[in-house]
Amino acid sequence: MNARWFQEVIVVETPGKGFTNITAQVAAVVARSKIEMGQCLVFVRHTSASLIIQENADAAVLRDLERWLGDLVPEARAWEHDDEGRDDMPAHARSAVTKTSETIPIVEGRLALGTWQAIYLWEHRHRAHERELIVQLSGASG
Amino acid sequence: MNARWFQEVIVVETPGKGFTNITAQVAAVVARSKIEMGQCLVFVRHTSASLIIQENADAAVLRDLERWLGDLVPEARAWEHDDEGRDDMPAHARSAVTKTSETIPIVEGRLALGTWQAIYLWEHRHRAHERELIVQLSGASG
Amino acid sequence: MNARWFQEVIVVETPGKGFTNITAQVAAVVARSKIEMGQCLVFVRHTSASLIIQENADAAVLRDLERWLGDLVPEARAWEHDDEGRDDMPAHARSAVTKTSETIPIVEGRLALGTWQAIYLWEHRHRAHERELIVQLSGASG
């Protein structure tokens, strides 16, 4: 058993507010790492986009999540920090209650997600953004 | 110092909505791993149950958390995704703002939880479920 | 490449409710670890204080987060658990939807935070507290 660390930066182009399924991109890094057993950290280098592991089957789940979180963090609130756009401070609050880092076990060389799980990058700003994530793996190979 | 990775699947039978203290089950995996210093990842392979590290002393804390989160994510809301039961979409939203993965340091061969901390699996569906978790350890032994 | 694990306890004196930027303290542990590539776990050993990675530039962001979360978890609610002070149960609920553990990749011997990111300890009790955190590193050195 050889100890191994491996990392790659991935860049995700978001279309603006909403979810981008990044599972295939993360899985590709896992495959390139040659790690058989260990863990995969995904880290977002931003404070107005975040991560979430959620249902991959019915797109209505994502639409409901978007609407519910939108109501929980209203743009219309009297935010003190408002010089970067009405959607900027809500984006920070939405990130605060979702995830900046998420870690998934690696079993037999693959992400050990459940049948219904996918990894999403959640863009919280209205306009499209280029987001940088680090995928950091550690584990045992061969 | 020997690098070591170790993993086990644990299955938790939940009694329906509420908390199951899984600290002892996770601690047993840590003991079997023989890792002295490192970290313990707990990962839930579901999107309608989640993890939380919370107070282990007064059960009223858990009842308050359940009621508060129930108000934050009302079943009575007009959810678009409603064909798997009134409690399914709220369960996804509740999972989104709690934890799918949680990582605890291992110090001197044990979970380094604070005095008042326990690890709970939080079931968000009304009926009982069998939930699968992966406990993934990495660290140095002997 | 040598596998390496390293851990230190850090104690943070909070001034009561609000944010303490702990990035420099965590970065100092990373430097002492001599790890070049890997990951840094930060873990709070309490259930009424938590972690958050957020914007480090405009202090108004932190004031807005504090006010927004204060409204989301009102002290005035009829909490069952109220014998440790009006702010204790809200502190547990605030911790539940923020982070007990956070993991940051290490790239070229440093925390790979984004330009605008800082790591904060978020105190949820009114009075000052001494909070214990564990910084746990793993990775490859020189």
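Going by the order they are written in, the chains are A, B and C; count residues from 1 in each one.
FYI, a contact is a pair of C-beta atoms (placed from the backbone, for glycine too) under 8 Å apart; a residue touches a chain by one contact, two chains touch by 3 or more.
Remember, predicted model here, so these are calculated numbers, not experimental data.
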Q) How many degrees of rotation carry the C-alpha atoms of chain A onto those of chain C, rounded to the nearest 5? A) 120
Q.
Do chain A and chain B, two copies of one chain sequence, contact each other through the same residue numbers, with over half in common, or through different ones?
A. different
Q. Can you give the whole-Å distance between the Cα centres of chain A and chain B?
A. 19
Q: Any chance you could list the residues of chain C touching two or more other chains?
A: 3, 72, 97, 99, 103, 138
(Q) For a test of understanding, state which residues of chain A touch chain C in their complex under the given definition. (A) 3, 5, 7, 41, 43-47, 72-73, 77, 79-81, 89, 92-93, 95-97, 100-101, 103, 132, 134, 136, 138
Q. In the complex of these two chains, what residues of chain A are touching chain B?
A. 1, 3, 37-39, 52-55, 58, 60-61, 63-65, 68-69, 72, 97-99, 102-105, 107, 112-117, 138-140
